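For reference, the structure is listed below as structure tokens.
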Amino acid sequence: MSLEYTSSEMMSVTAARALENGTTCFVGIGLPSEAANLARLTHAPDVVLIYESGTLQTKPDILPLSIGDGELCESALTTVAVPEMFRYWLQGGKVNVGFLGTAQIDRFANLNTTLIGDYKAPKVRLPGGGGAPEIATNAGEVFITLKHSKRAFVKDVDFVTTLGFGRDGKGRDNVPNIGKGPTRVITDLCVMKPDPDTKELVVVSLHPGVSREDVMEATGWEVRFAAQLESTPEPSEKELEILRELKARTERAHAGE
Amino acid sequence: MAEFLSLHDAVARYVQDGATVAMEGFTHLIPFAAGHEVIRQKKRDLTLIRMTPDIIYDQLIGAGCAKKVIFSWGGNPGVGSLHRLRDAVEKGWPHKIEILEHSHAAMACAFEAGAAGLPLAVLRGYVGSELPSVNDQIKFIECPFTGERLAAVPSVRPDVSIVHAQRADRQGNVLVEGIVGVQKEAVLAAKHSIVTVEEIVDDLKAHPNACVIPSWAISAVAVAEKGALPSYTHGYYGRSNRFYKEWDAIARDRDTFTKWLDDNVYRAEENA
Amino acid sequence: MAEFLSLHDAVARYVQDGATVAMEGFTHLIPFAAGHEVIRQKKRDLTLIRMTPDIIYDQLIGAGCAKKVIFSWGGNPGVGSLHRLRDAVEKGWPHKIEILEHSHAAMACAFEAGAAGLPLAVLRGYVGSELPSVNDQIKFIECPFTGERLAAVPSVRPDVSIVHAQRADRQGNVLVEGIVGVQKEAVLAAKHSIVTVEEIVDDLKAHPNACVIPSWAISAVAVAEKGALPSYTHGYYGRSNRFYKEWDAIARDRDTFTKWLDDNVYRAEENA
Amino acid sequence: MSLEYTSSEMMSVTAARALENGTTCFVGIGLPSEAANLARLTHAPDVVLIYESGTLQTKPDILPLSIGDGELCESALTTVAVPEMFRYWLQGGKVNVGFLGTAQIDRFANLNTTLIGDYKAPKVRLPGGGGAPEIATNAGEVFITLKHSKRAFVKDVDFVTTLGFGRDGKGRDNVPNIGKGPTRVITDLCVMKPDPDTKELVVVSLHPGVSREDVMEATGWEVRFAAQLESTPEPSEKELEILRELKARTERAHAGE
């Protein structure tokens, strides 16, 4: 096989494959939403997608631009109020996987979507926590997907908006009623997983054509690689076709009023 | 009983300088027409509460209405930053604003608690997050039954809440349908409330468990046709994703923003 | 995903002797067929939770299934006492039962908190009531923001909740409509849940904000036609107020009760 | 005028008249429900009736036997879940008047619906608190209606299920966020109101044909009478007609399946 695909497509397909059929997934907007819907349209037709806008078990035909596009409600099993969404469905323990993006992530998978710089005098003010702080702690486990870059993958985040494993890797130890936390990070270069002991993110799989040096150059700490480093399977023709159709449908829809 | 007022009169009566105001709508049913009326009436020193301050709050902040913003996610959904919010926070234009930030879960619970008449909301939240270090309104309590440490936040109880809805009947009862967000909670939690609607009808045609806000729980109902645009109204019109994308360029620059505001808000007729 | 089971099999699998069981339905949609199945299968030592233990709990108590009842109002609505409940509490027949009583507000909040995964519910409740002196599960906490003293009760988290609903689709998603009580909360708060329905349909025909419980939040769905009688199912059949009145005479006497139970439960077919 | 009417009818009509048009009333089942609906069908067409089953602004054509009859839902503006009813609508401060019945009431208007005798070994086990404890404290004020008898009107209730003014009349003093409590008690003999200072229930109005002695004999404490004792106005012909039609409709409906 020698399919043509971009590194973004590789990332989306790999992220999609992480979601098992039948999983209940609380979906963040953007890359997670693209991956989750690709999963639903390929190997996981019974994946249950939940968006924080209150839409339960939704099956959008196009990707929503916002977390509360009409498409999400129209294709949902039902739509509940936002307090109910966070109380009954997320905090109530009904979510297997929280699927998140982020602006910054550190070696212990802590996420920063609050700001770059100092809180009182920020260099860049980011949108803020949104649903992430409680998705990351109340979901059974967390998948994270984002593009790999030194700006994004930093040794220590400027601000822990959302708990990965804390600044020392022990942030979930002895905390009752908390999920497993981040179990994998999917980027356009590789897949990372937390070391079982230290919780530091370790590269477990390189995407085809990506070298260790590529990852090291795009990571802001001395990144470690698993002893048994794997090669991420390539996207299939069908996955690429479905992803491209989804993105084309989405673009057409968002171009109109 | 809700009074039927023009949008101008409703805002003039209930939105006072210095007030705490929640304009809600979770992506859907955002009360843009009402927000523009607040800008036109040059309300000042408002504490603006909103889970997802999107471009309506960007406009209010850029227009100089805000003293403080309480929020949990402030961005242009799917597009990027709110440049007017950032300019105010990062560079103090048109003036410095305070911010107080929460997570969505905490704010949703705080609206719920406000509607429920409680002073606080309790949730399993903020575990490991550094938000409590920059928001002194986040505290922790111990469950008297299990000893578990849980987060507590003050309930949201605005002076006035403003929401948009599909329709009201002639008594002023309001139907909200689709993505209902925290709108009912916002109205019930507030001292006063303004609901703008697409239309007034004889019969709401609501099913038995519909989200209906009774007239006697609302201060004023005002008709504002297309009052949620560029956001949308389920069953009436769709979201202008195009405008949300265009906003990025408009808001990036102080001059283009100011011109846009002049052309589209100050010089516009109410409800135009 | 919910499994479609016969009512017999659902009760046999999920209702264990000694379990904590909530059969809910606020006057409407009371799961009588399921309750009778529990009696037929001679389940014992159950802790029965229910805001309004009406005649279904009277029957379960009289049949000897209950060890303890947690409730907030135990009567035959509009008729009078629950004679089997009284006989158990006052005279220990067929055996002594424990009771733990709350107010409606507290139990409703406790179901809500259970669904929300919290260990406790906080409410402005029990002010001046002597219920806290006889229920050591009622405590008081101080609001860290205002200092106000508020009541706290443990959340309700049953081993199994049983509710009745209008219909399920072929995936096992369930529509509940009309007076929805605390049924959704009961299902979400429980480790396991059984939902009996009037029928299975291809399409729930639910409006956008309907009370739908997804299949993946339910353990088992069982068809039980007329499964709420003598209570009622909105859209299907009305309440047999006549039977509720007749129950008073049946339940007043141990012998007439025992005979009624023999004729109408033990000798009845499942769902008959 | 010399209309024929029963003391029960006198009680219902008097209780109904207490409800002003436009009031939002949280209605207990039985006598309060009868009075509240009579008010709605006579002088108070815009009274808003709320039942704890979640039915908001309901207009039943017949009196419900239970608090959750289908009639209540079918004629309601909308029906909410029971937790929402108690949290948003009652505790949230939207109810002007809570209208309650009771089994026992004492001189400080405390209500007992829990039991007669000792809690551990009750002589008579009553249904329990239901909605009353929080209706009585979270509603703006409370009206109580019940038949007058020495069994019901006792000096001290066996158990304070629901706060009137406490065992010493001071139970609401300095309690924040609490309603005014019972402002009137309507019986088949008279109307009582709490003394502004001591909060002890005082007879303020006698129904036509009822003597002070009648009330004293039916009351379990040395009941006081207001200095300006009034005579309760008689029911009008129209009120009686509407009440009787309502009860006849109700009886016909409840006799069927």
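Note that the chains take the letters A, B, C and D in the order they are written out, and that residue 1 is the start of every chain.
Convention: a contact is a pair of C-beta atoms (placed from the backbone, for glycine too) under 8 Å apart; a residue touches a chain by one contact, two chains touch by 3 or more.
Every value quoted in this text rests on a predicted model; they were computed, and no experiment measured them.
Asks: Quick check: more C-beta contact pairs in C-D or B-D?
Replies: By number of C-beta pairs in contact, C-D is the larger.
Asks: Find the geometric centre of each of subunit C and subunit D from their Cα atoms only, then give the gap between the two centres in Å, rounded to an integer.
Replies: Distance between chain centres, rounded to whole Å: 28 Å.
Asks: Cα centroid separation between subunit B and subunit D, in whole Å?
Replies: Inter-chain centre distance comes to 40 Å.
Asks: If you average the CA atoms of subunit A and of subunit D, how many Å lie between those two points?
Replies: Chain centroid spacing, subunit A to subunit D, equals 57 Å.
Asks: Would you give the residues of subunit C that are in contact with at least 2 other chains, written as numbers and ranges?
Replies: 112, 117-118, 123-124, 148, 178, 180, 184-185, 208-211, 234
Asks: In subunit D, what residues contact two or more other chains?
Replies: 73, 79-80, 87, 91, 138, 177
Asks: Examine which chains touch each other and state the graph shape they make (line, ring, star, complete, other).
Replies: Looks like something else, not a line, ring, star or complete graph.
Asks: Every pair of chains that touch: which are they?
Replies: Listed in label order, the chain pairs in contact are A-B, A-C, B-C, B-D, C-D.
Asks: Which residues, counting only subunit B, touch subunit A once they are in their complex?
Replies: Within the complex, subunit B touches subunit A at residues 26-28, 51-52, 54, 71-75, 77-79, 81-82, 85-86, 89-90, 101-106, 108-109, 111-112, 123-131, 134, 148, 178-182, 184-185, 211, 232, 234, 238-245.
Asks: Would you mind writing out the residues of subunit C in touch with subunit B in their complex?
Replies: Its residues touching subunit B are 117-120, 122-124, 137, 139, 141, 143-146, 148, 150, 152, 154, 177-178, 180, 207-211, 234.
Asks: Taking the complex as given, what residues does subunit A use to touch subunit C?
Replies: Per the stated touch rule, the residues are 22, 24, 46, 48, 56-57, 73-74, 76-80, 87-88, 91-94, 138, 177.
Asks: Quick one: which bits of subunit D touch subunit C in the complex? Just the residue numbers, please.
Replies: Touching subunit C: residues 29-30, 52-55, 64-70, 72-73, 79-83, 85-87, 90-91, 110, 114, 119, 122-134, 137-138, 159-163, 166, 171-172, 175-178, 253-257 of subunit D.
Asks: Residues of subunit C touching subunit A in their complex?
Replies: So the residues of subunit C touching subunit A come out as 1, 112, 115-118, 173, 184-185, 188-189, 206, 208-212, 214, 216-217.
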